[in-house]
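What follows is subunit A paired twice: with subunit B in the first complex and subunit C in the second.
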Partner chain A sequence: MKPNQKDVEATRFKYLFLLPALILIFAVVIYPFIYNIVISLSNMSMSHFHDWQIVGFRQYAKVFSEPIFYSVLGKTVVWTIVNVFFHVVIGVFLAVLLNRYLPGKGIFRTLLIIPWAMPQYITALTWRGMFNYEYGAINLILSRLLHLPMVQWLKNPTDAFAACILTNIWLGFPFMMVIAYGGLQSIPKELYEVADVDGASGWQKFWKITVPHLRPVMIPAIVLGVIWTFNNLNVIWLVSNGGEPSDKTHILVSYVYKAAFNLYRYGYAAALSMVIFFILLLFGINFIRKTRATEGAY
Partner chain B sequence: MAEVILKGVSKVYEGNVHAIKDISLEIADREFLVLVGPSGCGKSTLLRMIAGLEDITSGEIQIDGHTVNQLPPKDRDISMVFQNYALYPHMTVYDNMAFGLRIRHFPKDEIDNRVQEASRILGIEKLLSRKPKALSGGQRQRVALGRAIVRKPKVFLFDEPLSNLDAKLRVHMRTEIKKLHQRLKTTMIYVTHDQVEAMTMGDRIAVVKDGILQQHDTPMNLYNNPVNIFVAGFIGSPAMNFLEGKIEDKKVVFGGISMDIPPGVRTDGISDVIVGIRPEYFILNDVSPHFTAQIEVVEPMGNEIFVYFQLGKKSVVARIPADTKVRPGDALPLRINVGMVKLFDPESKVSLSC
Partner chain C sequence: MRRRGISKLKLVAIYIFLILFTAATLYPVVRVFSISLRPGNRLLSTSLRIIPDGATFEAYRRLFTETDFLRWMLNSLIVSLAVTLTGVIFASAAGYIFSKYRFIGKKVGLTALLTTQMFPATMLLLPMYIMISKLGLINSYLGLIVVYLATVLPFCIWQMKGYYDTIPDSLHEAAIIDGCSHFQAFYKVILPLAAPALVITALFSFMGSWSEYIVAAVILQDQSMFTLPLGLKMFQANMSTDWGLYAAGSVIVSIPVVVLFIILSKWLVSGLTLGSVKG
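Right after this comes the complex of A and B.
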């Protein structure tokens, strides 16, 4: 059947409304993404800034042939797992507490969301100050209150990495708490009452009722958490001061940033960022499929 | 098997809100007691207090001779069925039914036997591997019943279990629960706001209003001998008609009608009364009618007809035989079955029957 003039006009009208969004998405997502793919296949760098050429998969080969890629990838995995684990555990724990009868609940809720509401770079720099060997709050607490030896937080690679993780755990748990709190409020209270009548303990109720009901909301939040943490440049960069000491605290994204904007290895950095993209894409698809997160409980 | 005794049970919420006021009630072993009342009257609160899901402010609750005031729900040996079924959505029907037994560390074979037996009783054998979202409302309610049955508790508690079902299924499940009671021979306490459910299911009915127990008795006694206007109006459908009347020369006068005082009614020193007439107390009679009704609305129900008309200044309803030829505007000669009419004190609202 041939569409009549009215239908064609109506369709055009719909596209007209979509046009601004399409232009914006093309400008800030699609074009940079395609440009990044092109650069990743090129030799663009400080020495070939204007005269860059397509060199095929040479940059990808370089990424995979350098041992540092694997050590940074390993650190990134540890960084992501430890951070997301504590974000979820602390977030769910606090959400469960907030969901109970608690005097002054509103005040606690507001206080607990503050780390998330603060600009990330302010928190990161504040924590960097707190990790200062001589004057930082952490060492003062360790030495004066707990009478423990002070730690060279930002001098030793492992301690510096731990300092970055601590900062990011502080920054990330409120998001998981807010999501879990919302999820908890949607669990019908009768389920807990039935379990009470059946004789379930608090722990059994948590594992048999709370956890299965939180799954559909927490799995997408965990996927987001993994992607955000995996790609979190700010905290690593600001707390460790650009991967110090001796580039030992890098995760992939800070390593890419350094390669691109400190060392001007644009082609290499673009190839590495494509590798990061595919790692996260594969993770996201597999995680959601395996956990069947998109299937609702009801 | 157990009797449940409530002695002066009260519940006061924060802000001095009295949800339950000094209720005393004895529910016999194997009895089916229905707690009925309008929304917010406290009947569910009372049930939840028996279950242990709500604290008791004062009074005592005994189950099978033991005071359970301080016992948590799990130690009261009760099962409860909720209005919204409260099935675990992530578990299969089998797991839902087995959950309580697993928690109590029953042997696997015993759990399997009990689940199979309960599913046979309820006709849900084929649904055991399904999850609740794949079940209809009626099937979900059966599973909720099954979960209660497998525990073999001393007392079953039902909190408006049929309210979420459609009218037809509700009637069907009503019979199923009644059959279940006859089969299990266990004490059951059933909360509903639906007086038809109460009348059809209960061995006895306890009527609650504003947290106060108004009357508890067999369905027929409640229907025929209500102690006050609330019970008289709440039980029965269509509801009892109430008319303002006076006692004059040993006669009851109301809406232009003068009739004898019903037997067994105290009217000494009383001049004003509320006259309560159930729709079926009006009888078609063209020989010696009390009055002629000008019919305003006719509602044929198939097995009977409801006719609405004005008596005095009030609209009243009468139940007449289905084969009566009547249309709006017709004049219908009616006689009142004087022996059944109820009189109430307009001040205290209580029945004047001895």
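Right after this comes the complex of A and C.
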């Protein structure tokens, strides 16, 4: 074969292989995405399901003019920061503990991954049962073993939100632990030996050696963690049973899910989806820019 | 290993802490197991014992003989296998081109795939739900499979591309110089080397569909079409009578997933970090 023929074959192969996937992606991702934009500009709802029409940016105006958007956004930010903070702190702490000479540490490492491995919906439903006032394990432990007052976990908005956060902290720390553990193993041992010779304390070693070396590994993990937590519908929806009590425990994604599938406000829900997407996109772009900037400084 | 400077006392303290922490972490899992063993008349007990009084496998027997559990399992299997098969076939092909060939729009395409990971759940679900209901595919396997593909496919393509990136270009180039067609170079040389990535991509897309509740709750309304998550949620909602069924079902559904996940977690993490380094 002449090289020219080879090139033709390469091109043909390339597009033949890519095309099916592109068509599929167009059908299940791009087309729905564009359709979502169209819906967000329309008045589509249960009563206007077939006879909907384009109404411009009215739904977006509604999103930003309703005070509930800001209170739910505030809760989402609290939810994300609290969760990711505890995921990272618990995860790194455990990874540091496990990264020393410790016979049998493999068993702990395996057992501590289980919260991550459990199907999320089972975790959420099980914790909902454990938060039951009368029969749930949490109140039984509080009152019998610790002699503390029982808490109306699922009846009071603040406690219900706390219950969701506790559940999500439980299922999220193992991911950070595994990532941090991998990062710790790649730190050269000699650095610590030199620090020992220089008489550094354990705390100094942690801040001067461990933290700077963990940073490049942890930062992408934290970004992923923020996006996942911000978008985590399972835990909020299943632990609070769809925002109970009285829709006071929503984060943005659960609020928009309810608007779409319980209240049939399609246009509004599509607009709100776009807003959530742009919030995350801005966060992502901003993050990439920041890390590029710090990379230059090293 | 930093053996130096650690006193015996400190080591004991670490062990005690780890044992207590692990016990607390595993408690919810133990609790489900314990509830699944409760006899029917003591479902709502306030006991904290791990093996309950009069422990029995009654709930497991009822689950298989008196409920639709097996039917739900079949539904879940059909949907998850279809998603996995489609996802892996398309992703192994597209990922290869993204990794080894140059074409217009490659960078844009990869970035766009990554951007889909920032979509809130309703972003594609709502338009798809409307399309599916207009096509009369509510309550069908196909409707659910299509929505799951939308979430799984971008991730699968990235995962496969990341793995192909670790295979040196010289391999398929040498095969082509030796007279293989491009397809033969892919099929005979590269694909066998990528087998581990195929297995992992397949298992993760399978487990994703197997454990999905939110989308299924929108698409499936008929109880006979339920997948496992919907069925278990139905038991859970009726705490006084079906709490034991929920617990028994959860134990059965979770065990294979948890075991697989623990085996695979090592590769998932390396895949994620690889993706972030290259991306």
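Going forward, the second predicted complex is superposed on the first by the 281 of 298 C-alpha atoms of A that agree within 3 Å, B and C clash if a C-alpha of one lies under 4 Å from a C-alpha of the other, contacts with A are read in each partner's own complex, and residues count from 1 in each chain.
Here, a residue touches a chain if its C-beta (ideal position, glycine included) is under 8 Å from a C-beta of that chain, and two chains touch if they have at least 3 such contacts.
Everything numeric here is computed off the predicted structure, so don't read it as measured data.
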Record, for the superposition on subunit A, whether partners subunit B and subunit C clash or fit.
fit
According to the stated criteria, A:101 is in contact with first (subunit B), second (subunit C), both, or neither; which is it?
second
Which partner chains sit in contact with A:188 here, subunit B, subunit C, both or neither? Use first/second/both/neither.
first
Dominant toucher of subunit A (residue count), subunit B or subunit C:
C
Figure out whether A:209 sits in contact with subunit B (first) or subunit C (second), or with both, or with neither.
first
Of the two partner chains, subunit B (first) and subunit C (second), which one does A:196 touch, if any: first, second, both, or neither?
both
Touched partner set for A:115, first subunit B, second subunit C, both or neither:
second
Which of the two partners, first being subunit B and second being subunit C, lies in contact with A:165: first, second, both, or neither?
neither
How far apart, in whole Å, are the nearest Cα atoms of subunit B and subunit C in the superposition?
7
Subunit A residues contacted in one complex by subunit B, in the other by subunit C
196
Can you name the residues of subunit A that touch subunit B in the complex?
188, 190-191, 193-200, 204, 208-209, 212-213, 215, 297-298
Can you list the subunit B residues touching subunit A in their complex?
51-53, 72-75, 78-80, 82, 84, 86, 88-90, 99-100, 103-104, 132-133, 147, 151
Under the definition above, what is the set of subunit A residues touching subunit C in their complex?
6, 9-10, 13-15, 17-18, 20-22, 24-25, 27-29, 32-33, 35-36, 39, 44, 94, 97, 100-102, 108, 110-123, 125-130, 132, 134-135, 137, 140-141, 144-145, 170, 178-179, 182, 189, 192, 196, 217, 220-221, 224, 227, 231, 233-234, 237-238, 252-253, 256-257, 260-261, 266, 269-270, 272-274, 276-277, 280-281, 284
Contacts from subunit C onto subunit A in the complex sit at residues 1-6, 11, 14-15, 17-18, 21-22, 25-29, 31-32, 35, 44-46, 48, 86, 90-91, 93-94, 96-97, 101, 103, 113, 115-131, 146-147, 149-150, 153-154, 157, 176, 181-183, 186, 210-214, 217-218, 229, 232-233, 236, 239, 243, 246, 250, 253-254, 257-258, 261-262, 265, 269-270, 272-273, 276
